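In the part that follows, the structures are each spelled out as structure tokens.
Below are two complexes that have chain A in common, paired first with chain B and then with chain C.
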Partner chain A sequence: MELQFVNISKNYGKKTALTNVNLTLHEGVHALLGPNGAGKSTLMNILTCLLKATDGKITLDGEEITAMGARFRDMLGYLPQNPGFYNSFSGYGVMKYFADLKGMKKPQDRIDELLELVNLTEDKKRKIGHYSGGMKRRLGIAVSLLNDPKLLVLDEPTAGLDPKERMRFRNIIGKLGFDKIVILATHIVSDVESISDNCLLLKNGEIITTGSADDLKEHIKGKVFNTPMSQEKAEEYILNNSCANIIKTEDSLFVHSVSDEKPFENSVPAPANLEDVYMYYFNEQSKTEEEK
Partner chain B sequence: MLKELKKLFSSRLTWVALLLTLAYMIYLSYADWRGMGKPDGNDGRQIVKFVDEIGVSNDYNEINKNLEAYWAKTESLSKESKEYFDAASKLYDSASIARYVYVDFPEHRRNMVTELFYTVQNEKGKKDPDSYVLAYNEKALEYYNKYIPLEFKSTGMSNDRYNLYYTLYNLSYWEVIMIAFIVIVTVRMFTMERTSGAYQLINTSRKNSRRLFFKKYAAVLAVCFLIRAVHFITEILYYVRSAGFTNLYLPIQQFTDFEGCPWQISIAGFIAVKEAAVLLMYGAFAALAALLSVLILNPLVSLIVNLVLLESGFLFYRYAEFKTTDAADKFRTYVPHALMNVKEYFIKFDYCNFFGVPVSRIAFCMAFTAFICIVSLALGFILSGRGKR
Partner chain C sequence: MTVLSAELKKILIGNKGLLVIAAAVILQLITGLFTTRFYEHSYSVDVYKNYLEQIEGEYTAEKAEYINSRYEEISEIISVHKIMEDRYLNGEITLEEFSAYNDDYFLASAENETVAYIVEKCMYYENSEGFDKIFFFETDIEDFLTSSGMNYIIFVMLLCLAIPAFDSEFQSNAVSLILTSRDGHKKTAFVKTAAVFFLAFLSSLLIYSSIFICFVIKNGSANLNQPLSNIMTFPFYGDLKIINFIIFDCLIKSLCWAVTSVFFMIFTVLIKNTVFSFFVSVFAFFVASNIRILTDSTAVNYIFCPVNLSGMYGSDLNPMLLGIISAAKTVIYFFIIYKIWTKPRN
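Coming up: the complex of A and B.
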């Protein structure tokens, strides 16, 4: 299966949200990373046909998705950023309602299986009004998986989940990537580092780079440093450098930073993680813009 | 549709609107019912007795003479005791109804037919007769002539009482509340997904929001029809209490307000037309509100626009009705709000000019309302699938 974005652009009046996005995706987990306002949700909405692109097209195995209509929606599973449910429905009732909307016949077994998967079996008869934010999100994940979609689009799926639920979620998504195209938009990079096959970095409506987490980490090899310093100095440095954070250990304190050059004489190179990649690319982008 | 109803009733707003509407309806019914006092208790047997007494049922002079005698008796008895006065009053009422049914109605019909006959002859005698005037009067002549020999027993319900009954169950202020209820419920139903965020999940499913459009509309109608059913049951209960159940088959013309009604229609038939017209009106209002809710994305703005549009239509209709000008005729032809007072279409030969052909105004208004309903639904259905901007 091949999903292609061809010159996708989107303008809201004079404001440009996306500029010439070109991508080709295959089965696997694709993490769409970018800060707020980067255009992630806009791209998701265009992909799910909730928004119309100003220019360009998206094709699935060569066929334009807007022309596929219900056939495309049959292959699609979508979890929006703020999924809305009906408070008077039970969790099971919501699943049944959306199973009906997705044209599923005899969906009971599938519903039970998915409720088990997202750990909501015991609460399936409770009204949604009594669900916590995390439970609603887990239910949203289950709804998006109802029709066993070939293309799964998840917008900020881990927001509001506790660490245990996030781990559970990562395990679920990791398994799904084998036979589906999973696109996962987030700015919580730690959630996708271990499960993504491909990362797409989006800034100001443009894809700035793509690659696997390891590739991207390789790109910034030698640009990540740990610098031991006093608490006062560290706080002062952090104030002026958004690309750094303080790490405390039992007997010492050091600043973990990303930069092209060694920031201090006593700085030592450190292994990069995906968060460092995120900080490096988006900070560099900001710098470039400021210079312009 | 049941799931859509469940969604609708998951909103507190729906419950509040429903309870307020029902409470207002109960209050109005109770206040008016109480104000009307006891029913006539005159089930028609009094009239039969009266007609038997005078022996000649269709002799105007005889009836009039006896009526005068009863009036004199009533006046004299009223000085003796209230009980006698009440009994005599009842007989007087019976005599009055009998005079209308057996004497006045056929007489007035004959006069109308004669007048129409001369109007037709006069128009035909002109060098250049107006084809519409001719067609209109010929049709009226045909109808009135057909039903001159309309013979009927009386329900025994006095005309004054009928008017009170009709007014009670066609409360204009009640409809103001009902219009507001329809708007609130419809806007809530059609904007629910947008406010909750569920529209994204729905629009990415096989059956997207377009497929839900008619289910939502059916759910709104079901609630409105339920309220109307409560209204209808109280109406029938009141009528039966006043005039008896079996009298529903009698012609509506027995009430003097309907003397000019050209059609042969029973009281039950009139009530059925009235209910059908009101339900059609509700359907059109709900369809229009659904269309505007699809067009206007902000629920609050949609609510305000709907309320202003539909309530102002009602106010204009009432204004035109009081003025009894050409505007009232136009309203009764083109504006669905006129269907809340169906009686107006039945009290005379009410036909309008449709490309030179006289067409029943109520039929035209109902057809036009159905047209508004269908067009609104079709547009709403087409536009409801749009999420692409």
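Coming up: the complex of A and C.
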């Protein structure tokens, strides 16, 4: 299965949200990374046909998705940012409702299987109004998986979840990428580092680079440094460098930073992680946002 | 849970529609039972009731003759008032004779309009056929039937039922999940429209039933089985019983309100904002229902102001035509809702 974005652009009046996005995706987990306002949700909404692109097209196995209509939606699972469910419904009731909307004939077994997967079996008869934020998110994932979609789109699925819920979520998504195209938009890099096959970095509406987490880490090899320094100096450095963070160990303190050049004489190269990649590519934008 | 039952549950429980309907019914019952409306008549209701004690029941030539002769007598008494006054001033009659005349004159003046009304009714009976002609006290029924036009309790109730049906999906962002589901486009548009139509029809019927119950509690139900054509403002209904007409009337108006509630939903899917949808719906409703100011055309009344149709019942309301127009309007409204609901945003 091949999903292609061809020259996708989106303008809201004079404001440009996306510029010539070109991508080709196959089965696997694709993490769409970018800061708030980068255009992730716009791209997700265009992909799910909720929003019209100003220009360009998206094809699935060569066929334009807007022309596929119900056939495309039959292959699609979508979890929007902050999905609202109905407080007067039970978890099972919501699943049954969306199973009907997805055209499923006998969904009971599938509903039970998915509620088990997201660990909501015991709470399936409780009203949604009594669910926690994490439970609602898990229910959302279950709803998006109801029709066993070939294309799964998750928009900021871990926003607002506690660490335990996020770990549970990663475990669920990690199991899904074998036979599906999973696109996961987020700005929380730690959520996707271990489960993504491919990362798509979106900045100011443009895809700036793509590749596996290891490839991207390789891109910034030699640009990540640890610099031992005093607490005072470290705090001063951090104030002027949003691309750095303080790491404390039992007997020392050093600054972990990403830059093209070695920041201090005593800096030593350090192994990169996906967060460093994110900081490297989005530092400028983060600075601009902070200035704003 | 089927999609229909889920949508009904959303409207009635989630959007508190059940509470809105209950509040509307209670308000209507309170208004109906504890407020009194005053109607102006050309005749005196008390005098009319007194005459009915003598002529109540089947219309006969003798009763008509009695009323006509009484009317002639009254007319004569009133017509000589100036002459009698002059005769008294000229000393041709005594004070006792003039006082006796004045007693008759005041009585005749008090009865004149009422007896004229009964005479008119006798003439109406004389020229009508196709129903059992019966004298009975019909004033309260006539007032009830001719005053039940626009009902603001139903109007507000339906705004509260119809607007959140789509709007709550926008506010909760469930719309994204619905519209990316295979059948979410068609099923939700159709089922939501059908559910609101169905609930609007039933709840309007409930309100009209409440109005009728209040009428029966206050006025009794003794004459509801009489033919409607005995009321002069409803001459074209043959042998149709008053109670049957009231049922028919409630059904037609409820149908019109159900269509109107679908009309409100157009603005919800278009505007996607609760407060603005509310105001725009109210504005659009009053514009549509006042289009008849521009023309007196019957067609305009059928199309634009069906909830105010009661004025047409006495003349030439065609239920079949109204049914067809209502169905056509509902289909057109649904088509517009569907197009807007499923269209990707720009």
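The definition used in the following text is that the second predicted complex is superposed on the first by the 283 of 292 C-alpha atoms of A that agree within 3 Å, B and C clash if a C-alpha of one lies under 4 Å from a C-alpha of the other, contacts with A are read in each partner's own complex, and residues count from 1 in each chain.
What we mean here is this: contacts are C-beta pairs under 8 Å (C-beta built on N, C-alpha and C of every residue); 3 or more make two chains touch, one makes a residue touch a chain.
Note that the structure is a prediction, hence the values are computed from the model and not measured.
Per the definitions stated earlier, placing chain B and chain C onto a shared chain A by superposition produces a clash between them. In the superposition on chain A, A:260 makes contact with neither chain B nor chain C. Legend: residue contacts after superposition of the two complexes on their common chain; A:64 is shown touching neither chain B nor chain C.
By the touch criterion defined above, A:215 lies against neither chain B nor chain C after alignment on the C-alpha atoms of chain A.
Legend: residue contacts after superposition of the two complexes on their common chain; A:73 is shown touching both chain B and chain C.
Looking at the shared chain after the overlay, A:55 reaches neither chain B nor chain C.
Once chain A of one complex is fitted onto chain A of the other, the partner contacts of A:85 extend to both chain B and chain C.
In the three-chain superposition model, chain A touches both chain B and chain C at residues 45, 48-52, 70, 73-74, 76, 78, 80, 82-89, 97-98, 100-103, 140, 143, 147. Interface residues of chain A, counted against chain C in their complex, comprise 45, 48-52, 66, 70, 73-74, 76, 78-89, 93, 96-98, 100-103, 140, 143-144, 147.
Of all the residues in chain C, the ones that touch chain A in their complex are 1-3, 6, 9-10, 13-14, 169, 171-174, 176-185, 187-188, 344-346. Every residue of chain B that touches chain A in the complex is listed here, in rising order: 3, 6-7, 9-10, 192-193, 195-208, 211-212, 387-389. Chain contact summary for the complex, chain A toward chain B: residues 45, 48-52, 70, 73-74, 76, 78, 80, 82-89, 97-98, 100-103, 140, 143, 147.
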